[in-house]
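A quick write-up on the structure given underneath.
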Amino acid sequence: MTSCVQCIEYLMVFIMIAAAVFAVEWRDLLAAVVGMAAVSLVASILFFFLQAPDVAMTEAAIGAAMSAAVFIFAIKRTQRYETEEEEKPGWWVRW
Amino acid sequence: MINELMIIIFAPLLAGVLAWIFDVKGIREGVAIIGAAVPLAYLIQAYQTLASQPSIQYSIVLSGFKFEFILYHLSWVFAMIAGVVGFAAVLGMVSTAKDSYEWLFALMSLTGVYGVFLADDLISFFIFWEIMTFASFMMVLKYNRKASLKYFLLSVLGAYAMLIAIGIIYAKVGAFDFTSVQRVFYQDAMRSVMGSDTLFSRNELLLIFGLFLTAFGVKAGTFPLHVWAPDAYSETNQSYTAMFSGVLSKAGVYGMLVIYILLGTRLMYEFGNIGAAPKFGYVIAFLGGITIIVGGLLAALQEDIRKLFAYSSISQIGYILVGIGVGTALSIEAAIYHAISHALFKGLFFLIVATIIHRTGKTQFKDMGGLAEKMPVTFAMAFVAILSLAGIPPLVGFASKWLIFEAVIHQNMPILGGMLFFGSAIGFVYLIRFTYAVWFGQRPTELDDTKDAPLPLAIAMGILALLNVVFGIAPGIVAGELNKIFGKEIIQGTIWELNLGFGRYNGLFITIWLVVGILIAAVIYFLGAKVRRVPVTDTYQAGNPVTMDYNLTIRRNFFLPLKETLAFWLRMSFDRLYQDIGSWVEDLAETLRHYIYNGNVQAYAWYLAAILIILALWGV
Amino acid sequence: MNLQFASLLIALPLISAFFVPVIKTISRKAVMPFLVIITAVQTGIAAWVFEEVYTGGKPIIIMAGGFKPPVGINLYIGHFAALFVLIIAVAGFFMAVFSMKSIGVEPKDKYAMLFLLLMLGATGMISTGDIFNLFVFMEITAISAYALTAYNKTGEASEGAMKYIVLGGIGSSFFLVGIALIYGSLGTLNMAQIAQLAGNINPTVAQAALALLVFGLAVEAELFPLNAWAPDAYQAAPHPVTAMFSAFVVKAGLYAMVRIIYLLRDTQAFTGILRLVLILGTITVVIGELSALRQTNVKRMFAYSSIAQVGFMAVGFSLGTQAGASAGVFHMVNHAIVKALMFLAVGYVALELGGTSIEDFKGLGKKMPLTAFAITVGAISIIGIPMFNVFWSKIQLILAALKVGKTGVIALILGASLVEAVYYIRLIHTMWFESANGEKVKENFTLGVIMLLLVALIIVIGVFPNAAWNIAQKAAADLYNVSQYIKNVPLLPGVSP
Amino acid sequence: MSIGVYYFGAVSLILIGLYAVLVKKNLLKILVGLSIMETGVNLLLISIGYIAGRSAPILSEGVGPNNAVDPIPQALVLTAIVIGVATTALALTVAINLYETYKTLNIEELRRLRG
Amino acid sequence: MVMKRALAILTILLIGYWIALALSHVPFGADKMLVGQYYLNHVKAQTGAVNAVTAVVVNYRGFDTLGEVTVLFIASTGVAALLWRKKRKRTAKTEGSVVLTTGSRLLFPFIVLFGGYIFIHGHLTPGGGFPGGATIATAFLMLYLAFSVYEIPHKGFEITEGLAGMGYVTVGLIGLAIGSYFLFDWIWQSWGWGHSNIGRLFSAGFIPVIYTIIGIKVGTELSGIVDSMVKEGGE
């Protein structure tokens, strides 16, 4: 029983980290924001596991939903794709 | 009850503030003169008091610090220098000062000088030192930014050196007043003699000495810290320079004496003597000697009348430092004597320069000439000043220089003696230039309607010239006062005569002979020679062929050959070295700034990460 | 009178900020006068609190909700907080008056709200006695500062704000990690109790926690290299806001940092972190001064100068002695006065002449004599000329450094003053002795009065530093003497391990 | 050294966020990174407050004072979440303003203020 | 670029190792409570709330919550200030699909009601003012998504926001007047209402009052932020 719960925990944490990595690496900002919201959602599930229902609700409502909404509005008003980063040598010199 | 010392110190400042507030022509001048005269009057009155008691003291507690002031013979002498020359300079400023700004800061600097001379603890010494520096800086700032910046930077360097020294002393002694500090160092000296542990180690002592030397050397204009002086002296109101060069530089000299008073015993025991002269004094003396030579040579090469006297002033301060450095009672007395005469003739010179500039508006030698006819009074003053500076009896300059020579020679210091002689010789070199180029020779036509000195300036010059003559003819007056400082008859003799035991100088005697000689010459002149009046248009070329690009007249590049000879040495300018360092630092700063604050948020985030890494490495 | 009324210091700006939308619907013109009135009232309350604390000699402990600490959050208005709350209120009042003239960009009602909340945040940061509450107030300060920095809505303003946000965001995240570590080891958030139990923390945890807390606060306290946002934000923010940044926002951050370091003095990392702050402070001074050296934008130059001065304070605090802390506090007070004056004056010049580039300052002495005079006095004071206030704090700093035998600090202070002298004298010369064409500006009366008041304060403290020095010493004792701090907070007896 | 999976997840989130700030050139990406960092910190706080085998601090039937997890970190995280979203909203607003002025979100090009 | 990434990864690994090292001394799942235990023991008697988190948020750490509300207020004010333009209007061109529009219209009152339920029952069940307010904001967000011309009455919202904030502070100030402490729970501790009702709606002193205020405030603020972000300046 406990091992099963632990399995879920491990899985969740893994999903969360993966989502975070994707959120950081995806070029499509909209997708990145979805990834970020996914991180928040998984985190809120983890909050439930950690016996913090208040926080879980708040995280889901504010951290995931509102945050993502605000991000999406911002992306709508700016640009959706991260511009290609061209390789320039010696980035530390160019500062 | 307001103490008289407070009045002496703060009367000029008060007058300055009043003059600044009531910015009405006429009133401000009057207030300023009163402000300069009041301390002088009080000082003269204090002479009586000092005859009956050793000192006048006063202390006041402000902001947790006890400020102590003292007037005794040494400080009285220096304060009198400030009083007399300051008063003369203020009189001169009546003619040359243009607005109340100058009055405020000129008088403020006078307050600073009085404060420095009367201070009896390190904190008030420092504060008034800073006030003096700041006020004189403001005077220069009005005229020239670069000169003032140089002056200020070196002054601040000096001030901070002093501050550190004071701090080190305070950290160990726990008191600021001169008496305690002196006592502690004296006890230290005794302890070191007996071989027990001292409060200040040898290195600390050396550090304090070096810091003080830097601090006072800056103000006195000692080589290699003199670079501010030529610019600062020349780039301000020349009447004020009379005070600046005559009095403010004496603060540096006084500071050197303070080193002797506070640290003298300890330094002497720690580092030993050569003959009767302490070793540490040799540093001061040789710096002084170099200053004499450098200042003198550079003075000869100047094309600007103000610069010439600025360098000349530096050179003359060198004499004083030599006197102090030799460190015997006689030499110190001689040095103080020369401080007095330097103030008198240098003050006079700068007032003369002020007059010339005021009347002609010119500062370069090439624009002048033949002014003796147009400005007879000023010329007479200049005559006195020239003789005095050149060290020709019976003027005060001779008496003091003679004393320094005697003191140095008596200690068997041939190199220093040579330097002094060289200084005198080079003094003639540049004075010739001044004498001839300004007063004689061909007069440019635009100077034809030059008027003589305005009345206030004339009075001011008169006072100083008179004292030049009086102290020269009757050197015993000064010597008597100086003997009181040491409390014993170091220079014997009468009021007319200085008697050192191994040499003597009688002012009156020489005066009489001189007057007789002049009378004889006059008789010959009027009876014998056929005088023909020539128009002053001939040029003198010292035997060189005249070409347009090698056109040496007394008024233009007269000492160019000398300059060419010295070219190698002149290239090594400390002034330029400092400037190079300064611009190097600024360039570095700019590069650094653009590199660090490069505007990239990510770079900034990396800085944060770097700090986190440091913290992590420390923690792991 | 009930001392709990000191909680009005928090409540008043808050309720007033919330009231602004209502005021706005009544009359848009009433918003700015309302701001001035509220800051004036705040000053009154602060003065009352100051008087109460300094005559009573005891700190005022405000217990929110009536729960004793560590159960409830308490505000600790000791000598330091009372002093700084007053400074915040006074500076806020002056800047509110200045804002009436200088803020032209709409929406002014939002500006007024953010202004009040910035004041509130700094007040809270300085007076809180709870470490998480400190975080909350820090965020209030920071977020209103972000918004105010970007308020002008120009590209530069947004850019400056963005840099501030990114760096501040990183800082606050790690600060929170630090809090988590502390809470995880002690189970309490009350500062007094943390100080009491600090010895129980595992050394590894203590090091990490202290380092992270200091790291987070150092971003606000502008220690190099965490201060990279500061010049940009200072330059881009509206002028009164810049003055407030320099006068109290930085100081609140620095205070919080120092408070936390001192609170955790029982931990092993204490000496190490002090040394770190000393090093960072030193570099801050050096880089700040050098960066100001050839700066052509006067506001930015003052910003760098301000950063360097904060470095001095950090150095003073990191000496780890009461004398050092006193000198640091004294320098804080003096610097707050001077920089409020100078940024006010610069802002006013920019308002009248259109920019803060050095070109605009040519001949300022003729065009705006009073303002030029104010800047001159401020500059001279910062350089450290005797008879001006900063001189005394620099002297005290030097003495404090001497007492612990850190001669290098003295060289640092003096060298920095030398550099200050260079760039300030250039500015002074440009203002007074360089001619430029332009009409003489009729200077605003109210602003003139404010500037003269501050000038007078500079000179009064310069001539009679006794009173100010005593106050600074008491404030520093409050900061430094942690055992007294623990005693002053009435901890509930039952709640301890 | 062993840390629980929750700690591991929390710290990972913080570090991934930091990585985004340090490497990504797009401003919105940096803000996503900051947001992830905040989530990580929140998770860390909650995991610190967790006590094995206890239930949520709602003291209704069956849950006594000795049977509940620590309520304080939860209260703190409530605050922290709201603060995080407030910062994010403001930052995005500033980003919008920047984009409207400069038409770019590449931080290498947003460098008008420097030196 | 690779270099930079490598350096960044190295950096974060080092920092991560450091933090993990520290965390290993803060064991996961262990009882570290000190003040927390006090809260759990006394929460019912002192505040009347069953949900300890709520009691901590509103009562014990009231200052934090006040600050939190303020932060959100600053954010909404700041967003409004920074996106302030002369003329602003919505630029969305297409309406949402029929499902969305009808659904929104249908669901809107229920969502708002649910939000209200969440914050009113904050002292009894998980939730409270913040999620409740966010839920209400979600309702408005939905309307924005569904209808291209919909706008909240933002003037009214602004005033509501301000009044709610004032209400919170006023409740605190009444506490100062009655109980002589700022944010003192005067309803529970002075008046003693609802002592017999622990575990039911009408209990827990001013917690429901404050949570209602917070809920309204958060709802209006978040909607205000959405409103500001959606509307673009007219040319």
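Note that the chains are named A, B, C, D and E in the order they appear, and that numbering of residues resets to 1 at the start of each chain.
Everything below uses one rule, namely that contacts are C-beta pairs under 8 Å (C-beta built on N, C-alpha and C of every residue); 3 or more make two chains touch, one makes a residue touch a chain.
In this text the structure is predicted, and so the values were computed from the model without any measurement.
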Other chains in touch with both chain C and chain D: B, E
Selected pair, greater C-beta contact count between C-E and B-D: C-E
Central subunit by CA centre of mass proxy: C
Rounded Å distance between chain A and chain D, as computed from the means of their C-alpha atoms: 10
Centre-to-centre distance between chain B and chain A (centres being mean Cα positions), rounded to whole Å: 75
Distance between chain centroids, defined by C-alpha means - chain D, chain E (Å): 16
Multi-partner residues of chain D (each touching 2 or more other chains): 6, 8, 12, 14, 16-19, 21-23, 25, 30-31, 44, 47-50, 56-58, 68, 70, 72-74, 76, 78-79, 81-83, 85-87, 89-90, 92-97, 110-114
For chain A, residues contacting two or more additional chains: 52-55, 58, 62, 66, 70, 73-74, 77, 85
Contacts with two or more other chains, residues of chain C listed in rising order: 132, 136, 139, 143, 146-147, 150, 153, 158, 162-163, 166, 170, 177, 183-184, 187, 189, 204, 207-208, 231-232
Sites on chain E touched by chain C in the complex: 18-19, 21-23, 25-26, 32-36, 38-39, 46, 59-64, 66-68, 70-71, 73-75, 77-78, 80-82, 84, 155, 158-159, 161-166, 169-170, 172-173, 175-176, 179-185, 189
Touching residues on chain D, where the partner in the complex is chain B: 18, 21-23, 25, 30, 107-108, 110-115
Residues of chain D touching chain E in the complex: 1-4, 6-8, 11-12, 14-16, 18-19, 22-23, 44, 47-53, 56-60, 65-66, 68, 70-72, 74-76, 78-79, 81-83, 85-87, 89-90, 92-94, 96-97
Residues of chain D defined as touching chain A within the complex: 5-6, 8-9, 12-13, 16-17, 19-20, 24-26, 28-29, 31-33, 35-36, 39, 42-43, 46-47, 49-50, 54-58, 68-69, 73-74, 77-78, 81-82, 84-85, 88-89, 92-93, 95-96, 99-100, 104-106
Interface residues, chain A side, partner chain D - complex: 6, 9-10, 13, 16-17, 20-21, 23-24, 29, 32-33, 36, 39-40, 43, 46-47, 50-55, 58-59, 62-63, 66-67, 70-71, 73-75, 77-79, 82-83, 85
